[in-house]
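Two complexes follow with chain A in common, the first pairing it with chain B and the second with chain C.
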Partner chain A sequence: MAIGRSAVMAPVPSKLYSDDVSLLMVLLDTNPFFWSTASIPFSKFLSHVLAFLNSILLINQFNQVVVIATGCNSCNFIFDSSSVPANPNLENGRMPALCSNLLQKLEEFVTGDEKLSKEVLAAGIGSSLLSGSLSMALCYIQRVFRTGPLHPQPRILCLQGSPDGPEQYVAVMNAIFSAQRSMVPIDSCVLGAQHSAFLQQASYITGGVYLKPQQLDGLFQYLSTVFATDLHSRRFLQLPKPAGVDFRASCFCHKNTIDMGYICSVCLSIFCKHHKKCSTCGRKRQSSLEG
Partner chain B sequence: MDFKPSRMAVVAKHIEAFIREFFDQNPLSQIGLVTIKDGLAQCLTDLGGSPDSHVKALMGKLECSGDSSLQNALDLVHGYLNQIPSYGHREVLILYSALSTCDPGDIMETIQECKKSKIRCSVIGLSAEIFICRHLCQETGGSYSVALDESHFKELLLEHAPPPPAIAEFAIANLIKMGFPQRAAEGVISICSCHKEAKVGGGYTCPRCKARVCELPTECRICGLTLVSSPHLARSYHHLFPIPPFDEVSLSLLNNPHQRSSRACFGCQESLLIPGNKPNLCVACPKCKQHFCLDCDIYIHESLHNCPGCESFRHSKIVSVTEE
Partner chain C sequence: MPGEVVKRARYKTSVKDSGVAGVLKMTEDKFVFMPNDPTSSARLDVEFRFIKGHKFSKGGSNKPALLNLTQDSEKGGGYIFEFENHPDREVCREFVGKALAKFSEASKAGSEQSAVKLFDEQLSTIEMERRIKLLREDSELQKLHKQFVLSGVLTEAEFWATRKKLLDGNTSRTSKQRVGFKSAMISDLKPLTDGRTNRVTFNLTPEIIHQIFAEKPAVHQAFLNFVPNKMTEKDFWNKYCRAEYLHCTRNTVAAAAEAAEDEELAVFLKHDDILASEARRKIRRVDPTLDMEADQGDDYMHLPDHGIFRDGSKEIIDPQYEQYRRTLSQDLNRHAAVVLEGRPIDVELEDTRTVAEALAKSKRVEAANEKSDGSVTQERLERISRMTEIEDLQAPRDLPFAALCIKDPRDYFDSQQANALKTLGDTLAGSKQIKCSLSTQEAYGSLRGFISEIKSVGLSDPIVKPDIALKVLNGLTQNISSTKFHLGKNPQESVLDRLPIITKEELLHHWTSIQELLRHFWSSYPITTTYLYAKASRLKDAMSQIYPKLQEIKESVQSDFRHQVSLLVQPMLQALDAAFAHYDADQQKRSARSGERPNGFV
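On to the complex of A and B.
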């Protein structure tokens, strides 16, 4: 097996650029509230993920991997396989550089994220900022599109364990629709105990794969069989299909999931019971109820 | 001059693109197509919420003949749009290629009727500006433009896809009852109410009467409940919660050695310095103060509708303190 060359992107002759080159954006959930109660420790999880990222970079020499950490109070870029490594002595192939760089930056990020915590969360596990990392991933993907006609095919993989934060609903949906327009699939691997309605909708709308592994001890196996394939080769594989997608909405007043509700015709807010006044836009209803 | 191969073919092609863009931006809306020829106006397709039936009609044979009658078209549209409940926004977009109109009665009266029914009429002309079209648009509050060539026509047409701002006095608030069906699992067999035949898997179940429908948004044929899915509503939220435009950053601030962290665009991580270590043009979000390159600015405001900086910091107020 050939050792990889220097990581700087040299101009590639077009016949070497096949249609299965991918750019994989990995959104890593680092929420400490979730990991303290998860079924595997964060260090074991990281070893599965690092082995998976190495395998992606080995499948095709032009594959690119970018890791963004989704924290509890902030998000940031952790690793980019196409950037020039800081210490050339460590660089005799990309594998050693990947591990040390990534782990170092991840540690800095987690320490910084913890410092930003303002108040102690009341109860339950707090949510992580999925909308932030999705937005950053999509901006980076737009930059890759701008480099010209020869670019890797981008996709996003969310490794998410924290529950959905209802306050991020609009932002996550905006990101999903933008991904759909740019034809970027969002794959989801849910590590927590419950299904994530946001990620189910994201994968359904963008054409990605949604999976909730039954045994987190074998995470590397799930990742390499389901999520490692590039977009071109997915047509030839039977990937897991979701049992059903929960498209029900949450009412704005109680955040309960409802299957029939009342919609304000001006601002489209959803309510479970009939009200005289719309609490979002403040307009009083004028005529009798329709329907 | 003109549009090749024929005006009709060019218009049909661009209307198809417009329909897809329109339903992308307004998933809960409905479109109907009307043709004007031989002095008569006829409905090509009924008001419907699914792009496929309209696109199919456009792909069929479309012929041009005879005079065009603006009044007959407005009368027909007025009859249809009057049936729409008051909370719906009523609009007509007329693609007019003729240089005159042949009317049976007083068109000014028809225009006043449209104004009373709050129908907003806009016209895109293909040949030259006509007074009656200008008058119609002015009276009803629409926009009138004349296309210079094919690409200009496409631009003018797509400008009508995003919803126009609603006038506050006319925005009557009503609470409309709607249902949010669940998507059935693959492999479930049931008879669908739209095609009246047995179908396998992949449909939606009306929460009130449990009838199966094939696609959303639609109205349940059995009980009349409007059925939508939450992504349809969410698609319109960015019109209601827009992000503020970003401010330009003065170049001297970028050179400040204390601001080490903002040398790269926050969204795409591209360096904001052009070779020679001189700062390039960039913008900053007024709320979270993060710097973005111009390309990310365009992408964020036109497609993403989220500021990555505001979304990535839970407590945005303390960002400026800890940045240095």
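On to the complex of A and C.
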């Protein structure tokens, strides 16, 4: 699978952005703790994803792909198809330049992320910073929106393996609502053993696709069948729909996922216990109960 | 009611039959027919309690006067009697009607008594009827009632205690409405003249008199003053009718002349002073903030007709006779006011005197009430007028809100339940937290290893094995088509609808019964009395009986549905388990405590 895009992608002034041109933001989960236990090795996973990214770029010459790495301690852009620098040194015959570029950035990112980590032996896998990478993706999309009336149709694809971090609940929900407002669908492909309530809600609210593949060795097939379709074509396709969504919220006080809790009647903050004063807005006495 | 009735009649087995002539004798509890021919076998001796009803032929001289005493509809047939004339038949019919009414009342009382006895409680018949009606209307409720109350798990009172709202809702609906005055005006009461003589007849009924009293306080006052000291009631009404007649003929001059001669008659002819003062008082009570000029001109007592004239005739009035004139609009307004005020008293309209006195009493009470809250009213009015100056700064008093109304709660709960089950299944599957034994360094190291591995090896070729790709593709299309054809068809369709109907019904029934039991169970905590203790253990026993039934359902269904059914049953079992756990914990605490204090209560 080779691609002919090694040349500098100078911005084409007469870019014809038809309705099937996509801007795909891929959020790549690089939680090392998850990948050390995952049922598919990270290298295998990367080869599926890289092939998928290549095929996206092949579908339409104006398609744009941006990859953001979601680490445990940081997030960063590791690839942007609109600004791939020409670096012939990386072309080694085994790998298209695009891929080697991405992998190099990824390696740098992982090293940087490790430096940031504090040596704390967590009991579980721990979560990755989904809220951070979602926000970065949305910021990027906002910038694209402001370039002019003509721009590719953006969407976000989360390749998530780590479990949800309930402490990120508020930030993730804010990102979800912001995506909903700017009509950016969030697609989710969950690679871990558990369903992700965050991503279920994200896809449900923004009108994206939520999928938890059963056969991880066929990941590329899933990606190309379900997530490669642009937003315009989705109107004519039957994409998988989840049968149910976990709508449970996290409380603001202990960041626990709760089935039932107290809601501040003024600012709608959620608490697992009854507090005399709302810690978010300072309003006294909340008594409403949500189911 | 006379003790017995004896009439000549012909007994017939059918309407066409010529019949047997004889004598029909009716007493309070039976009727006997003796044929004139003593050898005839058509002899009857029947008790009324075997008679269910009676029919009779229409009155008319050319038709035979028939009376049919019908028996039980199942047995069919009846006893047909033909009387010599209609009056004879009428007498017998009335007698039969009264006798039957007596029997049906007695039997009804008997059945009500038995119903009350069944529930072993002191309840009014109305309350009982309401409950029976609710049970009859709601088959689900009836099932629950049968299951728990009749089997003794819950008492009647406990069962209804959680449904007070249902019972209350019906009370308000059955409230009696008061019957007001008819909106027809009494002036419609026309004098009848019989053409030949000069006599004019007015027809007054107690109902009309009551209305006259209400509409014309002066007449009412006069009645109280004059009758029976000064004149008889008959004379009084004669005078009244004469006055009315004068009004009718619109002969104001004659009216003035007669009023001058007869001071009692004048009362009826002149303007009603009581009414006038009442009107002035009402005008004074008009809200001062009302944006309307309430002045002398609004006094309808002195307003000329608005171009409307009674009987379409126009007349020019000498101001001298002004006070003897009554306009249509005056009558109309007064009548409207009285109809709107409603019927203030509830007395039998038989004796005119009592009606008049009762009306006077209620008027006095009204006046007293008005006087006592007069100062309060004034204060309120002042406040209102102060407030109205800044009314646009006031918050809207009734915030618009719509009551939450879930028409069929099952629609909502089914969908919620399906969602809950889904996530429940997921969390159960994923609850095994994968422990990561690697240190941070090792973890990052392995991740970097993977990256360098792909760098050196390159992308795998082929990326996906064809058979796996096919498998994925098949899986995806199947999943999509199944959700499309099973779930997508009808958004309201739930998991339950795909189960066999019997299983669905059973599951729903168990749900409702478990909910009922759990509600009672949890509401009996904390246990403070021995009664609650007994109730909790009673409920626990009942719940443990349902438990194996749920297992049975799970095993009885076909394998295709077993997974779904077990998902549905799971929350029920969990709810029951939680209750059992609580019961056991409480039991333990209780026994530990009673160990310390052997004499402590249970």
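Annotations for the structure displayed:
The criterion applied here is as follows: the second predicted complex is superposed on the first by the 224 of 291 C-alpha atoms of A that agree within 3 Å, B and C clash if a C-alpha of one lies under 4 Å from a C-alpha of the other, contacts with A are read in each partner's own complex, and residues count from 1 in each chain.
Basically, a residue touches a chain if its C-beta (ideal position, glycine included) is under 8 Å from a C-beta of that chain, and two chains touch if they have at least 3 such contacts.
This is a predicted model, so every value here is computed, not measured.
By the touch criterion defined above, A:His274 lies against chain B but remains apart from chain C after alignment on the C-alpha atoms of chain A. Contacts of A:Phe247 after superposition on the shared chain: both chain B and chain C are touched. When both complexes are overlaid on chain A, the residue A:Phe77 reaches chain B alone and has no touch with chain C. When the two structures are aligned on the shared chain, A:Leu106 is found in touch with chain C, with no touch to chain B.
In the overlay built on the shared chain, the residue A:Trp35 is in contact with chain C alone; chain B does not reach it. In the superposed model, A:Arg235 lies in contact with neither chain B nor chain C.
Counting contacts by the rule stated earlier, residues 241, 243-248 of chain A appear in both its interface with chain B and its interface with chain C. In the complex of the two chains, the chain B residues touching chain A come out as 24, 85-88, 166, 171-186, 204, 207-208, 224-226, 229-231, 233-238, 240-241, 265-270, 295-296, 299-300, 303-308, 311-315, 318, 322.
By the touch rule above, chain C contacts chain A in their complex via residues 418-423, 426-427, 429-430, 432-436, 438-444, 446-448, 450-460, 463-465, 468-469, 471-473, 475-476, 479-481, 483-484, 487-488.
The touching residues of chain A, counted against chain C in their complex, run 1, 30, 32-33, 35-37, 41-44, 46-48, 50-51, 94-95, 99-100, 103, 106-107, 110-111, 113-114, 117, 119-126, 192-195, 197, 213-215, 217-222, 225-226, 238-241, 243-248. The touching residues of chain A, counted against chain B in their complex, run 72-77, 80, 115-116, 118, 129, 131-133, 135-136, 138-140, 142-143, 146, 168-171, 173-178, 181-182, 201, 205, 241, 243-250, 258-268, 270-271, 274-275, 278, 281, 283-287, 289-291.
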